[in-house]
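Chain IDs A, B and C follow the sequence of writing; residue 1 opens each chain.
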Amino acid sequence: MKTSNSLKKLYNIVSIIVLIALAFCFVFPLYWIVTGAFKTPVSINSPTPDWIPKELVMDNFKKLFSRQMAPVFELGFIKGPDAPAAVRWMINTVFMAIMAMVLTCITASMAGYALAKKRFHGRVLLFTLIVCAMALPKQVILIPLIREMSALKLYNTIWAVILPTVGWPFGVFLMKQFSEGIPTEMLEAARIDGANEFKTFTDIVFEMVKPGVGALAIFTFINSWNDYFMQLIMLSSTSNLTISLGIAKLQAENSTDFGLIMAGATLAAAPILIVFIVLQKYFTKGITLGAVKG
Amino acid sequence: MKKLLLTGLTLTAAGMLAACGGGKAEQTSAAADSQAETKQEAQAGEATELSLWTYPVGKWGDAATVDGIIKNFNEKYPNIKVSVEYLDYQNGDDQINTAIEGKQAPDIVLEGPERLVANWGAKGLMVDLKDLFEKDSASDIYDPVKTACKSPSGEYYEYPAFMVAHCMAVNKTMFEKADALQYLDLDTHTWTTENFLKAVQAVYDSGQQNVGAIYCSSQGGDQGTRALVNNLYSGTFTDKEHTKYTVDSAENVKALQAIVDQAGLNFDPSIAGGDEITLFRNGTLAMAFCWNASQQTNADNGPAGKTNAGDEIIPMLFPSDDGATELCGGIWGYGIFDNGDANKIEAAKTFIDFVCNDEAQVKESVKASGFFPVRPSVTGVYEGTETADTMKLFEEKFMPSMGDYYQVTKGWTTARTEWWNMLQRIGTGGDVATEAATFTTNANAAAAQ
Amino acid sequence: MAKVVYTGRSKELVRRETASAYMFLLPSLVFFIGFVIIPMIICIYTSFFDSTMGKDAKDVFIGFGNYIELFKDGIFIKALKNTFVIVIISVPVVCIFSLWVSSVIYNLNDKVLSVFRCIFYLPVVTGSVAVTVVWKWMYNNYYGIFNYIGKSTGVLKTNINWLGDERFALMCIILILLTTSVGQPIVLYVSALGNVDNSLVEAAQVDGANELQLFWKIKWPQIMPTTLYILVITTINSFQCFALIQLLTSGGPNHSTDTVMYYIYYMAFKMFRYGYGNAMGVVLAIFIAVLSALQFRVAKER
């Protein structure tokens, strides 16, 4: 018993040490991005890495912001003032991720409720379709999707990225699982009280599945932010790019100007990192909830 | 029940229409917006909107320069709005190809015959620019250039604007240190194959592990590797008639083998031409195969003609065993995508005509590229500029060695892909003769289609 | 899934309920049918045609021609193999690694736990492109830190061209994929381990079970649902690995990092072979469907 106890202790200590080393490895790329963004070209290209840069410069950011210009926003007739393209890319990305998130949450919570609580013709078929489609990678349908978007005159607009994201049925599946937990009696009671379908949904169902909506919101936001592939095939003009695409392009044009690329990467990572660190609790809760129900 | 389903479907369709209606509205209003703008400015005539996509050909990839050119254009033609997108060589093709598939191909593209004529032109996507060639201003375009811009069936899919002979470059300081300058003829900028290999060896022996890189991550800058291989023992890339590829000839195989055997020349499948230039500039490599006049005069990261560390860069012709180097030419010009709108095509032609032929503009356009005009009547482009001497050197020592423009051979897209794939296989130990034969088989199969 | 019960309900009621159900489903169906189902049908349809780009290009019906060509296409086979290598390596490694990390951190104090969880989740939120470009720099042949560390510790004699060497390129890509894949599983396992029924654990301890037995007999069955979920999502994620390939190697060197995803993209936008690309998509979809079905099967049996 004693040996096993001290063995356990030893194992715990070794584990923690290994874990701390691993944690360093996981933080390192991010550290390298951020410090790289402020390094001088000499320091970047030296074969001996500059672990802790002695001299920090803003040149890379200056270069990044002076490269291309684009109007800050375009809304029909109104065109915003010109700003560095990177700023526009950021705005596009935030718009895209939030739009996808909001639309997904609304449509999925409605559909999930119907699938879980209503008995209707075609229910089994629909559910099977949803489950099957979930596992399918989007790349498989890229060619038809481009043609479709072009026919809808949406190609090369942010909407071409948002709409397929909203169509992805994972959200419906998730919200169905959450909605199953709503007691049927509550719905019956509401109906007897004379609440109409829509009111029942907003007042009772939506309140009950709120945690699920939160989880779905976080999921959709991150996925849409990171969905490089869809952005790559759907967007082409400078003023429509997302920040991910922008850096990828930067990388292709100046493939070894790592300072500039890191400046772009820092810009891309900063907002979502800040959101993550501030809302960490909700993130972990959302992810866990999503998995438990999914 | 059926009724219900029908209603559902109708509603679905309606919803979809609404969804796309939103986008449409946005687009048309954007168009209306710019139209209104133009009307305010010009009052008369209908405004046409053109999109111009440029590959990074010298300063034609730089927004400030191109904006200036478009400003000049709009002073004369205020009714034609030109919006520009800047492509890169790594993803540019994919970008255009997806745009074609998305039915949003640009109106004008700035690139060379290998894409405009041999690729998109051959697929029937481009407009025949015959009428531009019939104008007086086109009469003295060099004949080989004209030929390169013409498809096998006689349509002109590119209107040429500027050209250059691609060459290579060496780091003078490194060569000096290795006592390798003796192998270069600094007067004619030439060297023999034998001397070239000796020089590489000398630089390698001086402690420089990476003398030159046979970059092959993709097709970017592949004219450099092609020219190196073809010139070493006077091989050719295709036959004279541009009907089939001849990379598996004894001369080319010998050249490839010489490169494989030479210490200091390393195959690098993780970089392309652009990366090679950066590595050359920052002193990692002692020579660059992806060089030209525009690179020599580039002053973005320090003084022109110097590496980042201040070492002098000497441009060189590719080494050749018979003393007759054939440099790979680059001919850039404009092509028009046939988007089915006659107004736009007409406006695009106006733009091309202005940029290439307008007396006051043509020199500016050429200067922006950092290359040379395609017709003798345009002279003194670089007169009085800082780069005048360098450009004169290139005009006198390099341009005369411009070789056959074989990049319009059928199956070119496939051949290009096969080329870097072949280099990758050879770099990882593949047998040179076998791999060259594989290249030829695959490329010729594409040429025969 | 609850059974649809019609008995005792009037037809009228069923009709009303169906109507209201579809009202709720409608917004979602618009997107689902419009941007998933319809493209999928087009995809299957076009895969039977020789479809290419060009003004006068006409789609030619060739039946199973594309499919037959696929299995004769050496590069496709290689891409398929690479895809499976990625899945086969990354799925178990992600599961085991994240389970181990979680088992070490789940009973630490709350602050420390959340710091660790946060750190392992960082690569996910940093964004795929940002992560990829920094790794590209670290792998760089000439001034990447891997070569520097390797050489200064004496492990490497000369620089290794990590992404340019057939022997290492795929493994390098898998390594990046791993760092971006363990974040979510760790979060999940930590919560699953924290939810293990303590009375069972205590009872087993009283019976004198050792740590290993405790884990396998008590904890493992309880975290099984989580494990299955992680298996499924990691499999799907690994199949979708695209940005890494496109940004780092373009499938090279020598097709050693070609995946089916990348090859579809390559065929469609470099070779203009849409029908062929779609056929690949269909084949891949079938593979994934079979694999998912298997996993669901296993899940059900448990």
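FYI, a contact is a pair of C-beta atoms (placed from the backbone, for glycine too) under 8 Å apart; a residue touches a chain by one contact, two chains touch by 3 or more.
As the structure is a computational prediction, the values presented were derived from the model and not from experiment.
Because contacts link each chain to all the remaining chains, their graph is best described as complete. Between the interfaces B-C and A-C, more contacting C-beta pairs are found at A-C. Taking the CA centroid of chain A as reference, the farthest chain centroid is that of B. Chain C has its Cα centroid 38 Å from the Cα centroid of chain B.
Taking each chain's centre as the mean of its C-alpha atoms, chain A lies 16 Å from chain C.
Counting partners per residue, chain C has 18, 22, 27, 29, 33-34, 140, 142-143, 265, 268-269, 274 as the residues that reach two or more other chains. For chain A, residues touching at least two other chains, in rising order: 45, 121, 143, 147, 163, 233, 248, 256. Of all residues in chain B, those that touch two or more other chains are 1, 16, 19, 98, 101, 271, 279, 284. Contact residues on chain A toward chain B in their complex (touch as defined above): 41, 45, 67-69, 74, 76-77, 79, 121, 143, 146-147, 149-157, 159, 163, 233-234, 236-238, 248-249, 252-257.
By the touch criterion given at the top, residues 4, 8, 12, 15-16, 19, 22-23, 25-27, 29-30, 32-33, 36, 44-49, 103, 106-108, 110-111, 113-115, 118-121, 123-124, 126-127, 129-130, 132-133, 135-145, 147-148, 163-164, 166-169, 172, 197, 201, 222, 225-226, 228-229, 232-233, 243-245, 247-248, 251, 256, 258, 261-262, 264-266, 268-269, 272-273, 276-277, 280-281, 283-284, 287-288, 291, 294 of chain A touch chain C in their complex.
Looking at the complex, you find that chain C touches chain A at residues 1, 4-5, 14, 17-18, 20-25, 27-29, 31-40, 42-43, 46, 101, 104-105, 114, 116-131, 133-138, 140, 142-143, 145, 148, 179, 184, 187-188, 191, 210-211, 226, 229-230, 232, 236, 239-240, 242-243, 246-247, 261, 264-265, 268-269, 274, 277-278, 281-282, 284-285, 288-289, 292. Within the complex formed with chain B, the residues of chain C that make contact are 15, 18-19, 22, 26-27, 29-30, 33-34, 53-57, 139-143, 158-159, 161-166, 249-250, 252-255, 265, 268-272, 274.
Interface residues of chain B facing chain C in the complex, by the touch rule stated above, are 1, 4, 8, 11-12, 15-16, 19, 93-94, 97-98, 100-101, 123-125, 209-210, 216-218, 268-271, 279, 284, 338, 413, 417, 420-421, 424-425, 427-428.
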